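The following block contains the structure, expressed as structure tokens.
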Amino acid sequence: MNFSGLIQDFGPLTIAGLTQGAIIALFALGYTLVYGVLRLINFAHSEVFLVGTYACLIVWGFFGLDQNSATPGMGAVIGYLLIGLVAAILISGVTALAVEVVAYRPLRRRNAPPLAFLITAIGASLFISEVVGVLTHRNQRGVPNLIRPTDVLVIGNMHITNLQILIIGLALVSMFALDQFINRSRLGRGIRAVAQNPDAAALMGVNKSRVIMLVFLVGGLMAGIAAVMYDLKIGVTRFDAGFILGIEAFTAAVLGGIGNLRGALLGGLLLGLVQVYAASLLGSEWLRAAAFIILVLILLFRPTGLLGESLGRARA
Amino acid sequence: MRQVLARAIGGVAIIGLLAGSAACNKDTSSDTATGSNCGYKLAFFGALTGSAANLGVNISQGFELAINQYNEKKGSTCIEVAKFDSQGAAEVAPGVARSLVADKKIIGIVGPPFSGESEAAMPIFDEAGIPAVSPSATRVSLSSKGWKVFHRAVANDDAQGPAAAAYIKDTLKAEKVFVADDQSAYGAGLADVVKSKLGAAVVASDKTEGDGKQADFSALVQKVQSSGATALFYGGYYTNAGLIRKQLTSAGWKGVLLGGDGMKDPGLSKAAGNASAAGTIVTCPCSPPEAAGDEFNTAFKTKWGVPAGTYSDVAYDAANIFLQGIEAGNTTHEKLNEYLSTVNYKGIANTYKFTSTGELDPTLIKVWAFKFNEAGENVADQEIKIS
Amino acid sequence: MSTANGKTNGRAMRGLFGRQPVAVRVLVMVLVAVAAYMLPYVGSIPLIGPQIITQGIDWPSALFNMSYYVLLALGLNVVVGYAGLLDLGYVGFFAVGAYCTALLTSPDSILKTEWAWLYSIPIALAITMVAGVLLGWPTLRLRGDYLAIVTLGFAEIIRIVATSTDILRGERGFSSIPHPPGEGTDGKPIFGVADATPYFWLGLTVIILVILGVRNLDRSRVGRSWLAIREDEEAAEIMGVRTFKYKLWAFAIGAFIGALGGTIWAGNQNFINSATFQLQFSILVLAGVVMGGSGNIAGAILGGALISYIPDRLRGIEAGGVDLYEYRFAIFGFAIILIMVLRPQGLIPSRRRAMELKDREKEVAPQ
Amino acid sequence: MSEPHIETPEQLDEANARRADVPIPTGPATEEEPRSGRPADPDALLEVDDVTLRFGGVVALNSVSFTLRKGEIFGLIGPNGAGKTTCFNAITGVYRPTSGGIRFQGESLVGKKRHQITTSGIARTFQNVRLFPEMTALENVMVGADAHHKTSVISALFRLPRHWREERTGRARSLELLRFVGIEHRAGEVSRNLAYGEQRRLEIARALATNPTLLCLDEPAAGFNPAEKVDLLNLIKKIRDTGVTVLLIEHDMRLVMGVTDRIVVLEFGKKIAEGTPAEVRDNPAVIAAYLGVPTDAA
């Protein structure tokens, strides 16, 4: 137990944890949205994220950017970032839709039991990650240095870099936009209606099928944003990148209260923090174990997560 | 009832589909070659698929290249290549090993690459009496299990650790060193030796998850930074090392990353970027490639379209050791095994001579340091003398 | 529930097989069992045999792999199929069983007991059952999907502890785990290293015993209670079913069977380390159970066998000039989707589930 | 919905104050509480004593008290949303009362587990039929019969004699009960395939299989036509004649009047009347409560 290390590094660790947590939170949104509406753990969401991490790299590759290229100028960086974001969002969104149409919809048509969905999700996840693995020869792919981290704000030993601000900021803006979309827009109302009572929503003229597509799409978009941020922060991607982070994101979603958008944010940030603190205190090998122990403890006292399920009905 | 029947037929149809796709098996029996000492097989045993496949593929490509060159020289398919995919997993290895020993034409094995699968597979090879030369299983205890057919064409973990420590102390002259490992048998073993040799110079240490299980190393990076260390020794493979190097550079840490031969792979600079990887030191119980090595590198690139990776050269040598033995008429398991006990072969990566337990002769073990340059290649830096 | 009042007892619930006289059913069962024991020699059947056996992995070994997957599927079927508890970390119990055996028998263990394989089994089973109860006690109050993530976490914690603590030796692992006892007439041990056939027979025998036990439980008060819990937990409790107790039993029985798989596996394996007990392993077994037909013994057996057989069978196969070898997990993933989409209740659904689906399909049909 | 919990200090004080009001169960009855005839009534089977139940801010039951005597058919009526089912759920352990006591044969039920309440002799049916849909009718009843069985997992696993004995007697008793409610011929049918009326009867058989002293029926006649209602009345009487006390929730006044010995009327979670059917029918508060409410709205 390295308490002095934790105390000494508390500031920098906190900002590092929040940065990772922001990515996890955005990723977790996809799980939470789909769960809120369909009561389904969309295991394949990790691969929706995975294709996003590759999509932006491939597009940047068209512009001749690879892990060895020098950091371009400010204006170009913004342009590249936007292009990368658009590519990742598009591909992730399309993949999410494809998974819904190929793997889930036929089952829903036949009113299959919930476990069947979980298993096709697993099948889809295995399929996509393996195809990516074969195509990339299971090699890692380095990310261009679009943003060279420089300190923007220094408080004591806590150096906050432009990249960290970008990631946390982008995550918060995306979350806020999504929250507004769900709570304010007509389409968002449809999502909430289906989440709360699918049958009643259908009677009220909400097109359930469209709402489900929308939910997958929106989850995919968020995963796409998370994927670009992941690339920038981690610097490398690989065919199994989605699986590892997917488990963390799913844990975060449950931690905050699956089905609850704000819960995903809270869960993600908390998980990010718990992991870096635990890594500092106990050693990096224990960070995942610490995350799960916190999860179990929280669920024992709050059986539906920190904020409870709110997008959907609370099941009595 | 009819519906039930229809369902049942549907189920059978699916299985049939799977079986049908499985029906066209690869034809493994090619034309039997004629000529003296021909018609045998050499086997590669190791990971070809799965997340551990990178190293396995490196080795199998080096192995296959050697045999191809031999066959070209002979003008026929004299020695056949047999590849067995263990997925690098101890739980898969026994079944694959048993299927290997069932093929009576196989007279020698290059592999297994990893120590874990070696533990699971070697008892089977030993019972069948098929000689095996591992190009990369470095766990010290492997040679003390009493397996008569076990050989390794690489120094064990005891050789590299002290060398790496000596390099850090004598060449880098680093006073503050951070030691981390990936908890693999290889990485942890190496890191432990380095730690004990460096003593007080080690200011802090940490452990990470293995390859493919961790991508965010920000806690480790933070620890390295606040420890004030100027050198980080990482016991592990290039997959994690590339990630760590990149994240350290991003965080502004200017120190040197060092590691063992598991990190001696272009994959490291590919992941981290050449600029970031430049200066990274890897030790290797192997010699820098000489003229013969350059020839090998060109041939390898021509054949496989990728540069030779870690242990490709050792695997190439291991295959050639076997081929030389077969050429000399050692075409049974016993003879070949006996030949291995007396062989003295100068290959492209090293000179090979085995002790009675199958270890590389200690007098031949040279540990070299290699450095990643600005072009992302690891080039020989210097031979490490352990003082 | 077969003797008294057979006429009134749910003819609707039975298939063609269930309607046969007892003698016929027993005979068929015995024949199936004999056929199963003969599986190692299936390769010698002309034409069909070579299509069935695996390449690149020894056929008896592939059969043995199937046998422990089947065992795991049977155990997980009790938890998921019967009691309706979604367990994503089932391999944790397999790991506990294997590690108990390794700790008690391997010379690498700090215990230095170096027991024979056989003696380690009761301890391993007991400890794993206790582990099941300890995990279940606090967590079984959680609802479906929350339980799933907690069990997943449990399995990950076991893996991390196995990787990161000195006692469990991490990736260095335990070597020289003894094989099961017994000598053949020629003085050689029955359970050697080169031939996996005896291990398969051992696994098969254990599977048959487990089937008998699980079937007994299913057709008793216990099975009724599980089914009641699965269908309406609150109503079951109000009808006097001690739901928590039966859920805990399901967990403990699942743990027991998982540990059986773990000890047999360790006995064949000779060497175990922490790298085996990956999350994907648990998920695969769950996929097997559901793919085969959750809640149905025959389904679990088929599913468990398939998840081991398909990837093994895809070794060394070429289609249209492309080696399928590398793609086998992708193909496997696709096969899972295909099977589930075509047969959402699994390949051999339990009759109850099949009817349930039929009814559900009728409900959606008008749309 | 979770259990009501106290969130503010004010609520805590309130709850404590309320708790203080509740008379100590073992103490002698005070003269200020004549309506609770508990100690004076040696025939008392179930005593609901000043039960209050809140969900957040909503008071679902407000100081409700009544007593069931052995062997009677007792009606609990009131308009929709009056708290009948909530009261039922409090008795059968689904909800825990915020305050007040419920005693069954002199023992407090508050805080007992649901299955303990069942084994102590209270069985119930549900307003919306809640059978185990994929089980056969016989199996449904056997689940109820299992409540008093002692077969352990071990004896089921090894088919020990107790397993055989209890399976045999349980099956026989279950078939007998199916005959009793008149659906014996459907024993082997999966319960979701039964007709609605048969399902209702099956639920009663399942509840009876737990050997109850008190059987609680939650709107058993909902959705029945007049002829079916008559059959049901006869069944309820038949059940009572076997010595089982019946608590009947119903908002069909005619049905209740025809069968019950005594009635309690709830409105907005409060008891507004109690007495024989004749007394209740003439009670102005009851008439007001039911005014405009069609008596056979179901």
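The first chain written gets the first letter, and so on, giving A, B, C and D; residue counts start at 1 in each chain.
Assume a contact is a pair of C-beta atoms (placed from the backbone, for glycine too) under 8 Å apart; a residue touches a chain by one contact, two chains touch by 3 or more.
Computed from a prediction, not measured in an experiment: that's the story for all the values here.
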item	value
Smallest count of steps, each to a touching chain, taking subunit A to subunit C	1
Remotest chain, subunit C as reference, centres from CA atoms	D
Central chain of the complex, centres being mean CA coordinates	C
Geometric centre distance via CA averages, subunit D-subunit C, whole Å	43
Rounded Å distance between subunit A and subunit B, as computed from the means of their C-alpha atoms	35
Centroid distance [mean C-alpha coordinates] between subunit D and subunit A, Å	48
Gap in Å, rounded to a whole number, between the CA centres of subunit D and subunit B	72
Subunit A residues counted as touching two or more neighbouring chains	283, 285, 288
Sequence positions of subunit B contacting 2 or more other chains	183, 207, 209
Interface hub residues of subunit D, defined as touching at least two other chains	none
Residue numbers on subunit D that touch subunit C, as the complex places them	92-94, 113-115, 118-119, 123-124, 126, 130-136, 138-139, 142-144, 146-149, 151, 153, 156-159, 163, 166-168, 170-172, 175, 184, 187-190, 192-193, 206-207, 210
Sites on subunit C touched by subunit A in the complex	80, 86, 138-139, 141-143, 145-146, 148-150, 152-154, 156-157, 160-161, 163-164, 279-280, 283, 286-287, 290-291, 294, 326-327, 329-330, 332-337, 340-341, 344-345, 353, 356-357, 360-361, 363-364
Of all residues in subunit B, those that touch subunit C in their complex	3-4, 7, 10-11, 14-15, 18-19, 21-26, 28, 48-49, 84-85, 89-92, 94-99, 101-102, 116, 119-120, 123-124, 127-128, 139, 141, 145, 183-185, 188-189, 207, 209-210
List of subunit A residues in touch with subunit C within their complex	35, 39, 41, 43, 102-103, 106-107, 109-113, 115-116, 118-120, 122-128, 130-131, 133-134, 243, 247, 250-251, 254, 258, 283, 285-286, 288-289, 292-293, 295-296, 299-300, 303-305, 315
Residues of subunit A touching subunit B in the complex	5, 8-9, 12-13, 16-17, 19-20, 67-68, 137-142, 145, 149, 157, 163, 230, 233-236, 238, 240-241, 244-245, 275-276, 279-280, 283-285, 287-288
